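Beneath this line is the structure, given in structure tokens, with notes to follow.
Here the chain labels run A, B, C and D in written order, and each chain numbers its own residues starting at 1.
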Amino acid sequence: MKLLKGGAMSEETWKTAVTKVEPNRLLLRGYRIDELMGRITFAQAVFLAIKGELPGENEARMIDAMLVSSVDHGVTPPSCLAARTIASTGSPLNAALAGGILAISRYHGGAIEHSMKVMEEAVRRKREMNKSHEEMAAVIISEYKEKNKRLPGFGHRIHTQDPRTIKLFQIASDLGIAGEYVGMARAIEDAMEQGRGKRLPINVDGAIAALLCEMDFPPQLANAFFILARIPGLVAHVFEEQTRMRPMRHINTKDHEYDGTAERKI
Amino acid sequence: MKLLKGGAMSEETWKTAVTKVEPNRLLLRGYRIDELMGRITFAQAVFLAIKGELPGENEARMIDAMLVSSVDHGVTPPSCLAARTIASTGSPLNAALAGGILAISRYHGGAIEHSMKVMEEAVRRKREMNKSHEEMAAVIISEYKEKNKRLPGFGHRIHTQDPRTIKLFQIASDLGIAGEYVGMARAIEDAMEQGRGKRLPINVDGAIAALLCEMDFPPQLANAFFILARIPGLVAHVFEEQTRMRPMRHINTKDHEYDGTAERKI
Amino acid sequence: MKLLKGGAMSEETWKTAVTKVEPNRLLLRGYRIDELMGRITFAQAVFLAIKGELPGENEARMIDAMLVSSVDHGVTPPSCLAARTIASTGSPLNAALAGGILAISRYHGGAIEHSMKVMEEAVRRKREMNKSHEEMAAVIISEYKEKNKRLPGFGHRIHTQDPRTIKLFQIASDLGIAGEYVGMARAIEDAMEQGRGKRLPINVDGAIAALLCEMDFPPQLANAFFILARIPGLVAHVFEEQTRMRPMRHINTKDHEYDGTAERKI
Amino acid sequence: MKLLKGGAMSEETWKTAVTKVEPNRLLLRGYRIDELMGRITFAQAVFLAIKGELPGENEARMIDAMLVSSVDHGVTPPSCLAARTIASTGSPLNAALAGGILAISRYHGGAIEHSMKVMEEAVRRKREMNKSHEEMAAVIISEYKEKNKRLPGFGHRIHTQDPRTIKLFQIASDLGIAGEYVGMARAIEDAMEQGRGKRLPINVDGAIAALLCEMDFPPQLANAFFILARIPGLVAHVFEEQTRMRPMRHINTKDHEYDGTAERKI
């Protein structure tokens, strides 16, 4: 990823390569924002802002699918609980969202970054050692077993066959995005199944990790995608808290019930 | 806006209408998330999550254009300064974003909500009093003049002809979104020019306010759109701070310089 | 309260009256910090920083008692739930505290500010109208009854005789701090009892509000005292979450149990 | 430090040892809060809440001096800049404080934690290897030199003889708190001077680190003390921003001036 121009860090001059601001003229990564408007989607603008270049059409679709996959996961994730708890005290929307984002960290969303690092290293070593995906997967698994650690990005506490993962990989395959990293993820999944006799499938974090690797994002930006994707869900929850629930209610995390629209087709 | 089912607020049962979570099945506002993936853009998912219904195609394009218009505005806005200041101390990305969002408040981004309230009231009174846009605009302006208050959503400290506003209204017109609220905004702009002898044009906040009114969003959700739109810009700035600048530098807000890509065409 | 020097707000020159920083010399509100150290307590420094003057000895003791009264209230307050939820995701201490503070808002802690405004107005009108506490209390209560609103600072969802309130007023009385505002709070309490036939006692928020009025703090600083007081409690909870609980546990807000030290004497 | 009772982490039962809450009876670490009020200072309550036991009288004074030393350091620290930037947008006090706290991290305040770890390890190895402070200091310094890393807790960008450090160590000595950790800090300072030919004195972070080690606090709580100490300073700055400065001013970090009270004696 080469989004940074220039080089040495300096204190004296604050250089920025994101946006040029002049009266009546705004350049985002070199493009006039008013020329981008109406011609690119928000997902493309996300890619452009973060990476410095416009995505190809297939990358843009991949980003859209990734963001859609993570918009919400109900009331139980800690980001939702933190945001709604803060909203329940009368704090404004921005404060509740800030609190929700503070809960998107190592153990909630953080598996994406961790998993990207594992996959980056696995693919790098695979290339250096001239191994197949299967051989490299076997090495990785035995190393984690030895250290008695869990590989991030596999298994889910609710879903055994996460429909989001299946769809993400299918779209990635259709769009020609799936490459070495997806291959590595699948090889690890298969090898673990052989070792354990039971499938511990790639979860949505692991799938997103593989796809961000394919699109050459650095692991330290993984959290940005999860946070961005989850904002609309958090907004919906905060608004629901503000308009449906009594302020300062005792939030009972074990007694919630879905009463929204029944399943429907697009 | 009828996104809420049910009625009275209750403490005892926590009802939610956002997402139904079951093993291997996730319904966002009634739609299976895996069926949405690959078929709708993130902007459409934003609309769905917040409003409870999928947008029409034109609404979806409008949302995309609105979000793209506000992705970034350089290093000077307080949200960017707060986020980069926090990042400069070694705090992680999510903390820096949370701090940036805490700065999106009454005077930064907040004009959208304020302006929506003004326009909602103006259009409501216009209908009740059976007046034209021009007549109602004249009433509003004289009321604000009397109270010696500024109408929110007009004028900008940098841009005299904000290209984002021009483009937003053009797109809204092309898509058939522009209606009574855009008409009211324009009528106020014209009437102010006649009164002052000088144009104080609708700014990007005012334009977004009019468009959110046209799409029937409530004012208390205005900030959600600005926050969401600005996240990618903040991510780009935080990453730039983390990778280009020295930790704990003296942040000199008067000495910054753009050294990114020169102007280019899409 | 005259803590501010100078006058008109200006953009161009950033004037500050809090701390003068020079090499090897730090003046907090005019006092060398190294001369303050060892001679004043932290509570006195709090008063000095916020108000610009050192407190008298009795005021210092009052501040100490107020802060001690609000150090913690167990796991159920939203500030604790937000902080522990954020901590449970692996976020660092400062992020968890920030989230806790975001939950100290209108309905949690905010009654202090609201109550200060009520008492300030009541005492001001009492003086202007030359009424007794009892007469003024009767007016206030009938006004709130008419508007069908609750007076802030009275009643508690757990405590019927809050031992903290009793002790705060006793200390205030011993120290000669209790004056017109405490008198007004008590008169309202008595008058409500006569009207309702049942006591709705001043709660700890109401008591702190009366005492902050007595010491001439403005209502918009009320929240500062509650936040400051609650930080050590939140620290204790976050540390407990980090060291005793499993990351990403399902936080069950209905199933908690105290297993700390049994009651003991000082 | 043995503040935790019980043992294994559990998901099912949420055990807490901080505060027992019953109607009209609140136990903080076993003591009735109303019995603590008026008898202990806030600094003592801080110690009790965090550590689970009341401090001795000398420890209480040490905590007071430590907290007083760090109440404020003017407008330039990032915590102040973040808090004032957020306040300048009209965000409420709690949001501005939360933003300030998010900036108290690795490079701002974080040296205390880092320094505690260095000192803990140094003292542990000194004991194990049966060395003098001087011998151990020489080992530590040569190790850091070899790794080309800076020892945390030494040197300051403004102060060459930080008056707060001098006073902290003097008070620690008077109170009998200064022991092996202070001895180690001083030995490192002396040895560095001999090696470099120039004094790089212990800074206030290093001094607080040594004293927290002496009082047996774990490094991961270091930040709690700095955050707590800085809250009153941040409150003063936020209130000044809200009452003296224009909202959305351009915050010029290079053009600020102290116009508060001139130096005075206690």
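The working rule: contacts are C-beta pairs under 8 Å (C-beta built on N, C-alpha and C of every residue); 3 or more make two chains touch, one makes a residue touch a chain.
Predicted model only: the values in this text are computed from it and were never measured.
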Of the pairs B-D and C-D, which shows more C-beta pairs in contact? C-D
Going by the average position of its CA atoms, which chain sits the greatest distance from chain C? A
Taking each chain's centre as the mean of its CA atoms, how far is chain C from chain D in angstrom? 23
Taking each chain's centre as its mean C-alpha position, how far apart are chain B and chain D in Å? 40
Pull out every residue in chain C that's touching 2 or more other chains. 76, 91-92, 94-95, 98-99, 102, 104-105, 250-252, 255
Chain A residues touching chain C in their complex are 76, 78-79, 81-82, 85-86, 88-91, 95-96, 98-99, 102-108, 110, 247-248, 250-255
Within their complex, chain D touches chain C through residues 3-6, 9-21, 23-43, 45-46, 49-50, 52, 54, 61, 63-65, 67-69, 71-76, 92-95, 97-99, 101-102, 104-105, 158-164, 166-168, 170-171, 220-221, 223-224, 227-229, 231-233, 235-237, 239-240, 242-246, 249-252, 255-266
